[in-house]
Amino acid sequence: MELTGVFAAITTPFNPAGDLQLDRLNQNLAAYQRTSLAGYLVLGSSGEAICLDREEKIAVLREAAAAGRGKILLAGTAEESLRGTLDMTEQAAKFGYLAAVVRTPHYYKKAMTHAAFCAYYRELADRAALPILMYNIPPLTGVDLALDTILELAQHPRIVGLKESSGNMDKLVRLTAAQPRLAVLVGGASTLYPSLCAGASGAILALGAAAPEACCRIERAFRAGDAAGASQAQHAVLAALRAFEPHSIAGLKAAVDAGGYFGGPPRLPQLPVSDAARAAIHAAMAGLGQSSSAAR
Amino acid sequence: MELTGVFAAITTPFNPAGDLQLDRLNQNLAAYQRTSLAGYLVLGSSGEAICLDREEKIAVLREAAAAGRGKILLAGTAEESLRGTLDMTEQAAKFGYLAAVVRTPHYYKKAMTHAAFCAYYRELADRAALPILMYNIPPLTGVDLALDTILELAQHPRIVGLKESSGNMDKLVRLTAAQPRLAVLVGGASTLYPSLCAGASGAILALGAAAPEACCRIERAFRAGDAAGASQAQHAVLAALRAFEPHSIAGLKAAVDAGGYFGGPPRLPQLPVSDAARAAIHAAMAGLGQSSSAAR
Amino acid sequence: MELTGVFAAITTPFNPAGDLQLDRLNQNLAAYQRTSLAGYLVLGSSGEAICLDREEKIAVLREAAAAGRGKILLAGTAEESLRGTLDMTEQAAKFGYLAAVVRTPHYYKKAMTHAAFCAYYRELADRAALPILMYNIPPLTGVDLALDTILELAQHPRIVGLKESSGNMDKLVRLTAAQPRLAVLVGGASTLYPSLCAGASGAILALGAAAPEACCRIERAFRAGDAAGASQAQHAVLAALRAFEPHSIAGLKAAVDAGGYFGGPPRLPQLPVSDAARAAIHAAMAGLGQSSSAAR
Amino acid sequence: MELTGVFAAITTPFNPAGDLQLDRLNQNLAAYQRTSLAGYLVLGSSGEAICLDREEKIAVLREAAAAGRGKILLAGTAEESLRGTLDMTEQAAKFGYLAAVVRTPHYYKKAMTHAAFCAYYRELADRAALPILMYNIPPLTGVDLALDTILELAQHPRIVGLKESSGNMDKLVRLTAAQPRLAVLVGGASTLYPSLCAGASGAILALGAAAPEACCRIERAFRAGDAAGASQAQHAVLAALRAFEPHSIAGLKAAVDAGGYFGGPPRLPQLPVSDAARAAIHAAMAGLGQSSSAAR
């Protein structure tokens, strides 16, 4: 399984009343299909999966799979319980996803030991309908998948990768040195170039849903051995990130709007961005010269 | 609305395969009905609500309400999205719960600002079918409901209380000094007596599901002005807490077993306790002299 | 050794150029001598000990001991190295201090294990010229003296107490239940009453240097078994704390000024408070009705 | 001022009684002089500066400057107070150091605001006898010099660089993109290669005192545009780091011993490493093939 390149962690469109807009999702994917993206993560953190009910999640998985055919399809299927995750993974398998991206369970933090993570991911990988990428995002979960846990789980033949959104470069270096077989897809756009230097296979990026080509440029320059070009492309995305990242998914969705796709409002409890923040996000995105590549 | 005394944060029984055991739930409540508990929190953190699906949650709410009639019934109804929380609160209202206990949304941590919390709880309180208790548990959620946010939300006539499980005594003193109207129910059994001295109205305790009378004794001595007795009763529960708390819900359920009720195994990703830990928990609980009060 | 009651963690006066003002220190102590304070902690965190050189520290210890005779004198003697701490403790012993209060070493955090803390305090207690109180203040040091470490060190006959400024009420309850011999002096004025209920022997308070009688009132009501009076006295100090605590030592010194003593400016890197903050501190302190008790 | 390449953060030799061993320091430097190191940081965190008294610090600065002549000499001169730092910087200036490396003040964490850091470093840079490198090491200090603070201080003509030991790659990318003039020397050997890709000027490394050539190899391959060689050299140092880093300075000193220099014991409160840890460190260092380059 080849998991390299840049994947967009796509957003889930809602109308102002908070209802799911599958047609908007379809339009976004149609536009993304014309980009250099390697594929999509559907129902990740950027997709507000945690704010959807089961039926909505299935509908999003179905729609995105249909509209994204031809690119690599990854499904976010984590629930807090193993049985919930198995259920969602089974749903995703019906629609043609290549693999499931499964965030660490995390609510009962004291219970999330090395043994518990190993038991969880092993039983999942044994029983799930799709190969598994682990997904570590301590800034949101408050738990961290330790290096030794990752290395132990990487022995399982159906655990094929890791989405690593800890921002921990020390861990990334040690991990890719120890286990070059595991696909490690990083989650931070601001550090994509040094992460690739450190051995990451690729990236799953929220920014990929707003400015896909700007992200792909960084990776392409790196693959071409063009250090100066990669640095320059890396620097080019910083202003956009600084504008939207403090506003969580509401900010990302404003950037998706600015990129020429449909972002729209987040679902409560997240509040839409202020007019001032929206203007700043649009200005920073315009500086990216990205809107030229978007849906038209 | 009188919200004083000790409430048990009850557990949700499963069989070894992880299936819900409503009959066990019923038996536990029948036994709790003969204790001094003021009431129950159903589907709190101790109830593994986050590991149940919608249908299971409704079934638990129905069963517990039927079996617990006559005591004060509180329903944990928090989902990460407002619309999910409204849905579950509407379900709980059908079964006769007095109020909903709603944990802070918390996944998108940067989005969880003062403004977002105020918007969330206000809209919830405006639209929900039950009065609301806010529920703050930073060790599990990684977000903290600030004093100023609580005080602002306490102005809403349908926000009647707070479950405060931060362990922050400074905040508790300031809160009860500033807002004596709000019912503040603490979540920590090891600090129940000083919390009551600091102005807490009562407590919602995991230990209340394992050793209800031991918890009630602390509160009763405090209400009677018996400082020495309250201290002694407080000290009496420490060994049991020390034995089970490091093991999260698996530990609590072993303590519930030891108390003479049905605890059983947790649902994965939580692992059952080791035999050694189980023995230590039983020994510590026996030291409490609590099993005499339990279901027989 | 009787270590109960309220101790002031006194400040160290400087002129605007940052030079030590021993005469001001003397005047402050002369005024404190007429209060109900049990004694003083000289060169604690409130005393900016970490910003003084060796000669200055010796001068402060000498002056305060002379001016504070008759009250219990505690000397802050912690340096980061054991040999530094031994040196300062030897200095303090010359001036008649009853005991040394020794903050945990903390710079090399990974090295600060149970074994290292045990070795440090044991060797210190064996060799030092004074009995030792351990001093735990995680908000400033980033390390925490664990309950088991404290209990093990409490076996040493020359380790007579603990200044506990973690704000951790759970630990305080467990500690006083397990080890009633050790004098535990808490560091938080906002939680003094519940801390005493939890078993603390007394307190060493920054607020004690600004509003000594307001602090002593809380303890007196507690000792008299007057719960309502203790609560009321506890609530009375909250506004003053809220006004000055966010501003660290600069805020405390403004409160000391407001209390009728000499506070003056902190030493750089700490900046003096703004005029607005100073006015708010004075207003809150006036609300305490404390200035009546101070030096004039 | 050219601040590139790899600097060793040298250790301070003690005998088993904890007394300073200046002759050992001299021997170490004589050996380091024959390496590819760009220079030395004397009295950094690795040098246990915080555990030395004023006279010892001056003696170390003098000895190291004499023995290290010809390489770039950087002096760690931070005390917690501005006046202490000015004093030590003045001492260092007498011995021919090129610049002072000044760790953030950090004890009074609430006071360490943007304004306080700006005031501190500006006044220091205005008045100090040497140019200044800021030094940010949140894992030890618990405070973080924010990007905006660094950028503002970088405007000062006498603030020439930053030692950045936060491990925050996002900040490093943003910083070097925004302010290419400032020399940024990173503190983490495990991430040296990606840090250089991200725009770091060079590094000040504890490992540089144990295995200087292994560190220099990483930087040399990077400068030569040899990505594969840099990766390989980066991977080569990981086992050694993993062996000694958990043991803080005691571990580093064991690695210094293993590298063929004089490490010796740390000063209390740090405990020497166990025999098992020492053996593991020697084994990992031997795997580096480094001892061939050291003093013999």
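Read from first to last, the chains carry the letters A, B, C and D; within each, the first residue is number 1.
Criterion: a residue touches a chain if its C-beta (ideal position, glycine included) is under 8 Å from a C-beta of that chain, and two chains touch if they have at least 3 such contacts.
Note that the structure is a prediction, hence the values are computed from the model and not measured.
Visitor: Which chains sit in contact with both members of the pair subunit B and subunit C?
Guide: none
Visitor: Which chain is most remote from subunit B in terms of Cα centres?
Guide: Following the centroid criterion, the farthest chain would be D.
Visitor: What whole-number Å value describes the gap between the mean CA coordinates of subunit A and subunit B?
Guide: One centre to the other, that is 35 Å.
Visitor: Just the number, please: Cα centre separation of subunit B and subunit D in whole Å.
Guide: Result: the chain centres lie 50 Å from each other.
Visitor: In subunit B, which residues are in touch with two or more of the other chains?
Guide: Answer for subunit B, listing residues that touch two or more other chains: there are none.
Visitor: For this entry, which pairs of chains touch?
Guide: Every pair of chains in contact is listed here: A-B, A-D, B-C, C-D.
Visitor: In the complex, go through subunit A and note every residue touching subunit D.
Guide: Contacts found on subunit A: 167-170, 172-174, 177, 188, 190-191, 193-195, 197-199, 225, 227, 231, 234-235, 238, 242.
Visitor: Please name which positions on subunit D make contact with subunit C in the complex.
Guide: That would be residues 18, 45, 50-54, 80-84, 105, 107-113, 115-117, 119-120, 123, 139-140, 142, 245-250, 266-271 of subunit D.
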